[in-house]
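For reference, the structure I am asking about is given below.
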Amino acid sequence: MPAIMLFFSDNMAPVHPAVLAAMSGANAPDMPYDGDALSQALDARFSALFETEVAVIWTTTGTSANALALALLCPPYGGILTHAAAHIVLDECGAVEHATGGARLLTCAGEGGKLSPDIVRDRIARLGTGVHHTRPFALSITNVTEYGLVYRPDDVAALGDLCRAQGLALHVDGARFANAIARLGCSPADLTWRAGVDALSLGFTKNGAMNAEALVLFDPARADEARRRRKRAGHLLSKGRFVAAQLHAMLEGDLWLANARAANAAAEPLAGAAGARLLHPVEANEVFLRLSPAEAAALRAQGFGFHDAEPGTARLVTGWHQSAADVMPFAAAIAAL
Amino acid sequence: MPAIMLFFSDNMAPVHPAVLAAMSGANAPDMPYDGDALSQALDARFSALFETEVAVIWTTTGTSANALALALLCPPYGGILTHAAAHIVLDECGAVEHATGGARLLTCAGEGGKLSPDIVRDRIARLGTGVHHTRPFALSITNVTEYGLVYRPDDVAALGDLCRAQGLALHVDGARFANAIARLGCSPADLTWRAGVDALSLGFTKNGAMNAEALVLFDPARADEARRRRKRAGHLLSKGRFVAAQLHAMLEGDLWLANARAANAAAEPLAGAAGARLLHPVEANEVFLRLSPAEAAALRAQGFGFHDAEPGTARLVTGWHQSAADVMPFAAAIAAL
Amino acid sequence: MPAIMLFFSDNMAPVHPAVLAAMSGANAPDMPYDGDALSQALDARFSALFETEVAVIWTTTGTSANALALALLCPPYGGILTHAAAHIVLDECGAVEHATGGARLLTCAGEGGKLSPDIVRDRIARLGTGVHHTRPFALSITNVTEYGLVYRPDDVAALGDLCRAQGLALHVDGARFANAIARLGCSPADLTWRAGVDALSLGFTKNGAMNAEALVLFDPARADEARRRRKRAGHLLSKGRFVAAQLHAMLEGDLWLANARAANAAAEPLAGAAGARLLHPVEANEVFLRLSPAEAAALRAQGFGFHDAEPGTARLVTGWHQSAADVMPFAAAIAAL
Amino acid sequence: MPAIMLFFSDNMAPVHPAVLAAMSGANAPDMPYDGDALSQALDARFSALFETEVAVIWTTTGTSANALALALLCPPYGGILTHAAAHIVLDECGAVEHATGGARLLTCAGEGGKLSPDIVRDRIARLGTGVHHTRPFALSITNVTEYGLVYRPDDVAALGDLCRAQGLALHVDGARFANAIARLGCSPADLTWRAGVDALSLGFTKNGAMNAEALVLFDPARADEARRRRKRAGHLLSKGRFVAAQLHAMLEGDLWLANARAANAAAEPLAGAAGARLLHPVEANEVFLRLSPAEAAALRAQGFGFHDAEPGTARLVTGWHQSAADVMPFAAAIAAL
C-alpha cells in the first residue's frame, strides 16, 4: 500500500532500514532469551538516555508493556485511574485485567484524553474508602494522548505530586512518547521520573521498529518481578537479541527522535488544511477533525484511508515514513472539501 | 559464537536467510495486526498442510502458544495431565496457570518424557472425582519429548482414544514437531488430528525462524476465542505481517522439514560417539548422555557448550545450521573421553 | 441496637426466630458439605417454587452468589453489562473480576438504577466488535434495584428478549428479590426464567436469614461447574446443613414473602412523610429522599441512623423486623423537618 | 446419625451448645459486616491468646482461610512448598491457585504428612532459579498433619529458621491446631510466631463451631490487604457477628482446648485396638490403619462409618462430641477382627 494513501495509524508504517539492518546484523548464534549481549546492554543504554539508573524490559507489543507495568504497580484487588478513552480501556481486550489478576480500570473524563490533578482528585473523592470499594493504587496516563495532545513536564509533575500525596504509582503509556519528546524538546528525564513517573511503556513499533517496546522501570528493584511476569506471560522471546537490536538501532544517532519529528511534521499540512474542522490542537502526529459521512466518503473515494472517530469525526495519523510530498495530496483534498 | 561450539539449545540458532528475506520483503505498509494478506493466508496454507480445515493463530513464543492452547482446552477449575518434565511444568514460570486462570498441572512420570495410556489412566484413577478434587480436562504431550523421543502416530492415537473416552482434550507441544515429522516421514495429519489431537503448538523458532510459532486449532470454531485471548495476553503484534512472513517462508519448499532433517542429522555423530553413554535413544536432535563432572569440564575446556541435565548427565542439542563438519569435532571429543 | 433507630440497611436486621430454630434443629451429626439431607432437598424445593427444574447452590453472601453466577455466564475475556450503581460495581471490591478471572463490568446509566432495552442496546452499539474490544457476554440487573425500584415481569422479559437476540446471558441480583415479589404479587417464575433469566442470586440474609443465599440456575446443566467453582472459592461450608436449614425455614409457610411484605410495609410511612422530598418512587423497602446536611444532622441528633446517598440526599432502608410502631417516630421526625 | 457410628471426619460433628447459645445471643440488630462489637473485639482477644499483637480475619471455611493466607504470602508468579498430601493440594479444588492468581503448589514427600528442613531444602535445591522456573515464596505445613501427626515447637522452629534463611513465608494450616495444642500442652505462641510462623489458619469448625475459622496474621500490617481480599472473595458476611460470636464462645473458658482434648481422647481406644495395624503414631484425633477390603466391609456391615485411605488402609477420625462410651464399640469391633 502506498504511503501516500495511508492515514489509518502509524502502526502500519514500514520498518526503518536501519532497524532491519541491525536485526540482520544480530543473526549470529547467541545466548537465548535476554542473555545476549544486546539485551544485556539495554539497562545501561536507557540509563544514559534517562540520566538515572533504570531497568529496561523489552517486549514486542505496547499492550504487553502496559499490562506488565500495571501488574507491577497495582494488586488484583486495586484500581487504576485512567482516562475513559485510554488504549488500556478501549483497545486491549482487558489485558490489564488479565495481567493484574482482575484489577479494575477507574475511568475519568478529560478534554482531549488529558487528565488534570483536579479531575483525578475528584474521581478519587467519589470512590468509597472501605473494603467494599475498589481502592486505587495507580494512575495511568497516555503521552501523547489518544487525541494527539501532549502532557508537558509540569503537567506530569502536577499529577506526580498528586500521586505521591495519594499513595498512587504513576504509569505512562508512551506508545508515542517519542512524538511528545520531539514536540517538546525536553529531556526524557523531565517528562518522566523527575515528574514522578514510576514506569514508562516506551513505544518504538509505531516509530520505525518492527516489534520492539521498552518498559522502563525507574525503580530497578522491580526488575526481577517484571522479568518473571514477562516470562509467565509468554513474552520472553527465545531469540531476544532481535528485539534488543531494534531498540539499539532506534536509539542510535537519535533515530527515534528523527522519526518522531518526521511524523509530527507530516501532520502539520493536514492540520493546516483541516483549519476550523479541528477538534483538538494538533501537537504530535494525530489529527482529529469534523468530517461528515459524505465528506469522509468523498475522501475515501479518492483513495485516502483513515479511521472514523466519534460520529461525524475522523482521525488521521501520520507516520515517520511520510514526507511532505506524501501528505500534500491529502491535505489538498481536505482543503478542497 | 561459532556454531561448532554451541550445543546448548536449538533456540540459539540463527535465522534462516530465506526467513530474513521474507521479512524484508514484507516491509511495505500494510494493514495492522493480523489484517495483512500474509496473516490472512495462513489458515488456508496450514489447512493444506494438514489436509483438513484448521485455524492458525500466530504467536512469537512457544510458551504463549502452549498457554493459549491450554486456556482454550481447560477451565480455571480444571487440571491438565502432563509429564513431570514437560516444558509447561518446568520452564514456563507458570504460564499455563496464568493463562488459564489457575488450572493445575497434574504431572505423570514416564520414561524419556513419554506418556502412555496406562500411565495416564493410572494417574486419573488416583484423582478424586468430587468437587474437592481437581478434575482433568486436557492432556498435554510434547512431541519430540523433552528427552528427544518421538511419539509415533499410533502412540498419539492410543492417547487420543483414551482422551475421547475420558472426555479430555489433547494438546501437543510441538516445539520440535518438525523434527518428529522429519524422523517419522509421516504426514502432519497422521501425527495430529487423525490421532485425536485438538490443538498443536507448532514451533518454528528453534527450526530457522526468528520468532514465529503457529497454534494450530483443529476445530476452527475455537478461533474467535483464541484470537481474543491472544490479544488480551498482549500477543497480537501490530505489524503481524512479519510473523506471518516467517511462517510462509518456513513452509515454502518444505524448508521446515529440510531444516529439521539437518538438525536431526547433526545429532547422529554425537549419538554415535556417545555410544553406551546414551540415556535415551536419539530419535531427533537431542542427545542425553552420562557425563561425569570431570568429563563435562574437560569438554567445556575444549570450548564446547552444553547444558547439564540430571546430575552426572548432559543434554546436547543440535540445530538446523550445524553441518556434519560443525559437529564432528565435538563427536570426536566425546569419543575420546 | 433498637430497631426503632436503625435505617442503615436491612442487613443489620436480626435473624428470624424460625430460622434460628431450624438451625438448632439441624444440629445432629450429618454428612458434611452439601451431602446432608437438607442440602440435597433444595433442588426439588426450589424447583417447586419456580415451577421448573432448577439447580440451587447455597452460599453465605450475596457477593459470592453474584460472582459465582457471573463466572458461569461470562468468560475472562468478556464483559458484563450492568448499571453503574449496581452492587457488583460499587460494593463488592471487584468480586466479579476475581471470580471471572478478569471480565469487565460495562456500566450503563439509567434512572433509579433501572435499565431498559434501549439503554442496553445503545451501550452495546458503542462497543467495538473486534478482538481489541471487550465483547459482552451477559447482562446483570438488580431487582429490587439499588434505588428501590422494581422491574416488572414485562420489564425483565423485554431485557430477556434483547439478551437472546444479542447472545447474552441474563443474571438477576436478587438481594431483595423477595421484596419485588411481595410488591408485585407475581410468581417467581414470571419474574425470572419465563422472562429469560438464566441465573438468579436469591437473597435471604437481608430478609430474615443469618447467612444464606440461593444461587438459582435455570439451566441445571450448569450445576457441576457451579459446585466446583463454589468449592474452589472456599464457599463450600463443611457443615452446610446449617445453611440449607435456613433456606428451608425461609420458604416454609412463605416466611420469605411475609418478611418482605413487612419490610415493604415499614417503608410506607417513611415514604409518606418524605412526600416531595422523594427522589424515586418507593416500590419496596428503600426510601431515597432529599435531605440537607443540616436536616440529616438534626435527625441523627434524635438518634436515627441512616446512610447518606448522593450529596444532599439520604437512603433509608426498612427491615422485616420493623413494625409500624418502630417506624412511626422516624416518619414523624421527617415530616417535622 | 448417631455419634457412635460416625468416624468419617470431625467435620460431621454437631455444634457445641455453648456456640449455639452465643449465636442466639448475638441476634440483636447490629452493625453489619465486621463492624459489630464482637468482630471488633477479636484482634484483642486473639492477641491475648497468642501473647503478641495479631490481626484476626474471621471466615467460614478452612479452605478460604488457607487460600487467603497464601494469597497474602505468595505472588501469582510464585510457588508454595507443601506436602503432597496437604489439604490445599488434594482437597480444595485449586482454591490456592484461584486466590493467588495462579501460584503453584510445589509438593514434597514426607512420612506421615510431615516435612523437615532437609526435605524442604532438597526440594528447593531441585528448583531452577531463573525466570523460567517457579520461585518459592512460602512454605505451608499442616499441624496436626493430614495423617494425624503433630509438629512440635522445635519442629516448627527448624522450618521457620529455614524459611527465614530462604526468604520464605511460613503458613500453618491449623484445621486441627487445637488438637495439636491439646496434645502438646504448649502455648499457642510457641507453636506459631515464636517458631517463625507468619500466618495461621486456626480452625474451629471441626472442633465445635458451626462455620467459624480465624486467620491469624502475626504481622497485623497485612490486615488491610487481607480484609480487602476477603471481601473480594465474597467471604465478608453481612451479619458477621454470628461468626465472631462462635470464635468468642470457643475461646471462652478454653472450650476449644477442652473439645480438642475430648476428640484426642476418643481416638485412644481406637489406636489401642488397632495395635500393629497402625500406619502412623496416633498423636491427635486421627487413626490410620491397615484394613483389608473384607475387614472394612465387615466393620461397615456393623454400622460403622469411615473413609478409605490408600488401598488397604482406612482413616478414622474422632470428634469433640464422642465419649469413650461412643467409641468403645468400634474399638471392640476392630480388636475383634
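So that you can tell them apart, the chains are marked A, B, C and D in the order they are listed, and the count of residues begins at 1 in each.
Everything that follows uses one rule, which is that contacts are C-beta pairs under 8 Å (C-beta built on N, C-alpha and C of every residue); 3 or more make two chains touch, one makes a residue touch a chain.
Nothing here was measured: the structure is a model prediction, and the numbers come from that model.
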Quiz item: If you tally the C-beta contacts for A-D and for C-D, which one comes out higher?
Solution: C-D
Practice problem: Tell me which chain's centre, taken as the mean of its C-alpha atoms, is farthest from chain A. | Solution: D
Quiz item: When the centre of a chain is set as the mean of its C-alpha atoms, what distance in Å lies between chain A and chain D?
Solution: 50
Quiz item: For chain B and chain D, what's the span in angstrom between their mean Cα positions?
Solution: 42
Quiz item: What is the distance, in whole Å, between the centres of chain C and chain D, each centre taken as the mean of its C-alpha atoms?
Solution: 34
Exercise. Give me the residues of chain B that touch two or more other chains.
Key: 76-77, 92-94, 98, 101-102, 131-132, 228, 231-232, 236
Quiz prompt | Complex contact set, residues of chain D against chain C | solution = 1-3, 6, 8-9, 11-15, 20, 23-24, 27-32, 59-65, 67-68, 92-95, 98-99, 205-206, 210-211, 228, 231-239, 242, 319, 321
Exercise. Within their complex, state which residues of chain A touch chain C.
Key: 76-77, 79, 90-94, 97-98, 100-105, 128, 131-134
Quiz prompt | List of chain A residues in touch with chain D within their complex | solution = 75-77, 101-102, 131-132, 135, 224-225, 227-232, 236
